[in-house]
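Given below, in the form of structure tokens, are the structures.
Below are two complexes that have chain A in common, paired first with chain B and then with chain C.
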Partner chain A sequence: MALEDVCGFEETLLHRKWFPASYLEDSATSYRTTDSYNSGLRQEKSVGNNGTPLHFLMPALPYSTTFNRRRSFPVPPANHSVTVRRPFPLSHGTTTLGFIFQGGVIAAADTRASAGGLVACPAVHKITPIHSHLVVTSSGSGADCMLWERILAREIRLYQLRHRRRLSIRGAAKLLSFMLHPFKGTEVCVALTLCGWDKEAGNTDCVQRSEDSFSQDATAIAHSASPHRGPKLIYVCSDGARLQGDVFSVGSGSPYAYGVLDRELRWTLSKDEAVSLAREAVFRATHRDAYSGNNVDLFLITAKGWSQRKREDLKEEYYRDMERRAKRVEERKRLTEIDASR
Partner chain B sequence: MEYLIGIQGPDFVLVAADNVAASSIIQMKHDYDKMFKLSEKILMLCVGEAGDTVQFAEYIQKNVQLYKMRNGYELSPAAAANFTRKNLAEYLRSRTPYHVNLLLAGYDDTDGPGLYYMDYLSSLAKAPFAAHGYGAFLTLSILDRHYRPDLTREEAVDLLKKCIEELNKRFILNLPSFTVRLIDKEGIHDLEKLTSGAK
Partner chain C sequence: MLSSHAFGDPGKMKDYHYAGPVEQRFSPYAFNGGTVLAVAGEDFAIVASDTRLSEGYSIHSRDSPKCYKLTDTTVIGCSGFHGDCLTLTKIIDARLKMYKHSNNKMMTSGAIAAMLSTILYGRRFFPYYVYNIIGGLDEEGKGAVYSFDPVGSYQRDTYKAGGSASAMLQPLLDNQIGFKNMEGVQHVPLTQDKAVQLVKDVFISAAERDVYTGDALRVCVITKEGIKEQTVPLRKD
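Then we have the complex of A and B:
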């Protein structure tokens, strides 16, 4: 994808032959990716395609003509979308969470992909690295998330190639949010949390600071008043919401995760405490939420980049938890017996 | 769910907005700022559908800045309000209407302070006091009862506190804190955040 854009492949006749759908007229919904501000190497693409905001190759399905119909219909209400009928009910079951603490950013998620009442896949990767200092947790529709992660990765890489510096996390979030905006009101359902570490100051062009300065500078990074460098956590959703904060949990299991996180989360956690808190939150959420489960993935992002913990099966954790409880009950029974016999 | 309020005095406008960014039943952020600075003396408070608020508000914000860059002087609050209304009205009958409710507050050096109420159907009204959200049902009568055109700043803040007390007492949703700002001929001033105390 990126190579295609950079080489100007889309202007060639070969591309037109391979992807004829991209040249049909619909200026009202035409959409430009960041390619359009290339300096005069290509003409302004004034046409979009087929009514879809991006260059998608349209399959010849019986229902695909509904996309064309959008043009000539008298205005349907904005949130009413015409879609292909689904083969099975989609569900947005997941538990993902991210939080910032003194040692960096933790991103954790379960690994279950559900489709209605079926576990479509028990071992999905919901946390995807985009570049060395940015990781994205996804929830919502799996296919949409995969696609938009790739699109985001492409646009960030293109930015880096064109401007010779890496886009800040806030910039990436804004870019993603603006790219998702044309799809508002359609059935695209994407809720991503960008967890990353900004190495450079956001607005200035210079800056090769030593990495020591931010590992000791805990006070500056303390609150989400966004200094330009340091850990960042931004939630972007296909509704258009874009929120920067210290802790986010997304998905059907998120209320349960918040319940655990809100009680014990503090800035001063050690790395091990933070990891175990994230695991615990995901575990409790997967216990209660039917649409989350199987394993837990955990990533830690620091100034040096992201590192991944080995994927852990929560079934084992459940049995360990049961044993711990049984032991505690035993202990308490024993102690009350001792007390009573005094 | 969200709440905005504005009170105009003889030489100032006091505005306040709640700080909750919610997603269905969850508070995703409790320190979210819903005010957008359009220029040195104009603030826009924007609530409504999740993405529309930021998109529309930033669009208006950048356009107001562009006007200043092109022409060398800033748009007056009345002009900015009418510009906003025109944009909202244009999008209303398009395929992508913006569902946003706004309060625009500003100080004009010639005309004095102004508070403009705008809703998602792009109706515009200049008013001495205004509110948006479910909380408005509870607080507009308080404003009707106690508002006077010659309020001092302290009295306006007291009136605002009365409104927020009422919300804390009767509104079923918890709105723990409010950002408060005051606009006068000196510009925009941040006042102390009003919290509900019981946390």
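Then we have the complex of A and C:
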């Protein structure tokens, strides 16, 4: 797919033959009527073919103008006031988190996908590696996240092929944010946290400027010699937000995760402490949030790349926690009895 | 389809009481019921569906199976809105043919699953109201099941139920095939005969409790020898 674009394959006649979106286009024009019971399809006359994820069919709506522009990304109509009512719920609800510490970036997430009140899947992968030094945690609508991650991976690969260097994490976040911008206001619900490690320095004049305003704070100095190398954590969402930070938690369980993280999070954590903190945060969030649960996935990204911890079922952790509490209650009872007998 | 009564949640009837003036809009969707199930074994896969096609209180057909053969090693089960099921399978067949002619080989199960994901997401803003489950053999000959949501999110599973009785069947499969929520049970690998028997029992249970499931059960067993189909009668009421 990516290689086709680089070679300019999409412009050739052969490509139109292989992916004849034309058979749908012809019927779309015949469906295009102007009465209010219009339920035909209007197809974007965009360059992308029917096979790639960027080619969207829109329901033909009253009051919308004919949409016949050639763009590389499809754009939904501006006054999208009337939508077709969907008779099914889509997957939502999650707890994901990411934070930076001296040993790299930790990304952790639960594995439950809920659709309405039903657990659609108890073992979803919410953390996806994009390339060796970039991992994306997803929350929001399951299908949107999966497809937009795929689109992001494709565009990053295209950039790498065209410019012979890897796109920086900030660049990837900007690219994703600009790709999502046309869909602001539609039902697309995507909140991704890009967790990665930049190996090369980015733009050199940016480095000059930020060195001047470098604060003498211990953590800032510890954050590597150049602000463009090292661990990065950037949150991108379909509303248009793009934020760089040191700790992010996204999803319905995020308040609980933040509570646990804010207590213990420090730059100087060891790797094991950071892993156990992330695990604890997800565990407590899944305990309190109904839409999070099942297992916890944990990724650690360092200068050498990403590594994944074995997926852990939180059911066992819950039982171990119950046992610990029971033991503490027993201990307390025993001590009060000793005090009372004295 | 113009439906005589409005649907709230899929498959559930709206209560007949006066709730004030309601704007009636044409809904392009209808719910035609049906349940689909797929199980992946060590060297086989099973895709099963009931054959009842219903709408509201009526049964349109007692012989409308929801499994469609795609290649010699892949079967897809589609339940939900029958119109979208038909169109979707037509589109998949056309894309399979195109792939075969241009790449000189059949699409593998994993490739079909990825392609279906993009086809479904292409209709993100006017989705196909279809719950798909693909069952087949992967390149190594092991059983594979891919389950989808209506807008294209998918993943590979060992077993999955979809359709109107899915919420009832999935916990049963979790217990019997996944050995979940049981303590001290030996994890025996699933044989083909045991899997087929389990699927039949599971559908008999579904037909008891779900009104949209019944009439007959079509089971497709996919092995490296090919696809074998069998039909088992279910409750007709």
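Here is the rule we use: the second predicted complex is superposed on the first by the 248 of 342 C-alpha atoms of A that agree within 3 Å, B and C clash if a C-alpha of one lies under 4 Å from a C-alpha of the other, contacts with A are read in each partner's own complex, and residues count from 1 in each chain.
We adopt the following convention: contacts are C-beta pairs under 8 Å (C-beta built on N, C-alpha and C of every residue); 3 or more make two chains touch, one makes a residue touch a chain.
Bear in mind that the values here come from a model prediction, so they are computed numbers and not experimental data.
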Looking at the overlay, what does A:248 touch: chain B (first), chain C (second), both, or neither?
first
Does the superposition put A:144 against chain B (first), chain C (second), both, or neither?
second
Now for A:118: first (chain B), second (chain C), both, or neither, which partner does it touch?
second
Between chain B and chain C, whom does A:240 touch in the aligned arrangement: first, second, both, or neither?
first
Considering only touches as defined above, state whether A:303 meets chain B (first), chain C (second), both or neither.
neither
Tell me which of chain B and chain C touches more residues of chain A.
C
If you stack the two complexes on chain A, which partner ends up touching A:185: first (chain B), second (chain C), both, or neither?
first
Taking the stated contact definition, name every residue in chain A that is touched by chain B in one complex and by chain C in the other, in rising order.
76
Can you name the residues of chain A that touch chain C in the complex?
18-19, 37, 39, 41, 50-53, 55-59, 76, 83-88, 90-91, 113, 115, 118, 120-121, 124-125, 141-147, 186-188
Note: in the complex, chain B contacts chain A through residues 21, 23, 25-26, 28-29, 31-32, 49-52, 54-55, 93-97
Give the list of chain C residues in touch with chain A in this complex.
7, 9-10, 25-29, 31, 80, 95, 98, 102, 115, 117-127, 129, 147, 149-155, 157, 167
Per the touch rule, the chain A residues reaching chain B in their complex are 28, 75-76, 78, 177, 180-181, 184-185, 224, 235, 237, 239-243, 245, 248, 254-255, 258
